[in-house]
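Just below is one structure, and these are the notes that go with it.
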């Protein structure tokens, strides 16, 4: 229970905005008996945002998989500020930060009509799909990401 | 919309009981904003029952996968009689019927304290894990299933 | 295991097409270790289609809930013809049939680039949200549905 | 992206062990196309552990709901150390810490045969089920938790 988060000081650049956002409509199956979206549903939406992000900037997650790579999720941190309910239209903003070696992080803001619903960050490792050994983020991917972020 | 179900007359044998049952406790994440277990959750429970069934009678589903086979679900039919709610203790009874060629079916009863909650049947096809081509149910599996069912 | 499906002869009208369709992109979280979309994911997509259908033709499912009604799913029948995989773009066509008393049914076709992936039908009952007693489908809803279907 | 975690120094007591653990068997539906348990599945297992914990020490989560209270999840932090795969037998250890006002936290270790698979902590707020306003953790619940933890 004493893990250390990657130091914020080392963050690659001063990232001030989100270059990317995607829309999510809360599905009925994603709600629970509290009448709100189940908290695990948010992780699925963050993943949808990453997939859409990769599609827009880097040829798609499938392209990464086609090259024999997988991106594993190694850490998730999410803070829920407001409940989301069935049929809510949410915006998931995402940006890729801290790409170093085999690792990278995403940061997110989930909002509803401008109101903050949740904020999160996730860590990932690129691995070889056969051996599951960490593999350096390929240059083409790192460059695609860097280009995306400078547009923020 | 005009599919034909496998004729009931051809059913391998007169199956009168369920040789197998497993216990399910409804998880909070499986409920929805109607305050009841989401109807898709039942399909997961039927699958849990099949996995437990294979573990008891046929060396486990992983054993089938280890032999280069996969069992695909080709049809699901489920009728919901009563709602299940959070923390309900359910019993899922299952039996394997109609094993022929590459295909087999399971039938199920989901009950709560003896009361019928749902009944269902599912169809499956055994395929080669590489080619996804249908493959005859291996003899060892067919025999394990037949033995299980005669205990009913 | 001997339930009777609502007789096809009584179907309200000769429904030849689908007035409605919605797009689904397969999420990574919806796949399983067979490398394909888990079969239970389809039930979630059928529900998404119903929700979108109600939004287009009947003021939305939330509108129904706001009037103190719930629509329960009482039966699901689905036949899988082809596997769907991560990132597939699917079309879910839906139509509402057999609206009688407190009950109605939906029929669906799930396709990918015109190819049949699955077909399904589901049965539903309108209930009072307080008592969970079956309630006649309100006239405004029945009329909205009938209008939708004549456009097919 | 600059949230502050509750200071570790204020932690109610020096908690050195886990008084509670529950067993999880990875379901096939919980896997994804990477062949491993989807990372969101872990949040469901943490919730299962909390529910089992409350059942053992505090009369059950349903008992809390029956008193007109809900426990919301306000934060989840999880670090994945190893992948879990289909049919894995996992142990989820949990302990309740930092109960103050309307808030409390849980800490977790997920292991497989003694090997660390994931560690996590979650924050929660007790709210009135009608108004969704934060409500002080009731004394009976705080005492039940405290008793549980001294057994660690």
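Order as written gives the chain letters A, B, C and D; numbering starts at 1 within each chain.
What we mean here is this: a residue touches a chain if its C-beta (ideal position, glycine included) is under 8 Å from a C-beta of that chain, and two chains touch if they have at least 3 such contacts.
Everything quoted here is computed from the prediction, not taken from an experiment.
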>> For chain C and chain D, which third chains touch each of them?
In response: A, B
>> When I count C-beta pairs in contact, which pair ends up with more: A-B or B-C?
In response: B-C
> Which chain lies the greatest distance away from chain B when centres are computed from Cα atoms alone?
Replying inline: A
>> Using mean CA coordinates as chain centres, what's the gap between chain B and chain C in Å?
In response: 23
> Using mean CA coordinates as chain centres, what's the chain B-chain D distance in Å?
Replying inline: 31
>> For chain A versus chain B, what separation do you get between their C-alpha means, in angstrom?
In response: 36
> Can you list the chain D residues in contact with two or more other chains?
Replying inline: 28-29, 40, 43-44, 47, 86
> Given which chains touch which, is the overall layout a line, a ring, a star, complete, or other?
Replying inline: complete
> chain C touches which residues of chain D in the complex?
Replying inline: 28-29, 31-33, 35-36, 38, 40, 85-86
> So in the complex, which bits of chain C are touching chain A?
Replying inline: 27-29, 43-44, 47-48, 51, 60-62, 86-87
> In their shared complex, at which residues does chain D touch chain A?
Replying inline: 1, 3, 34, 39-40, 43-44, 47, 70, 72-80, 83, 107, 119, 121, 132
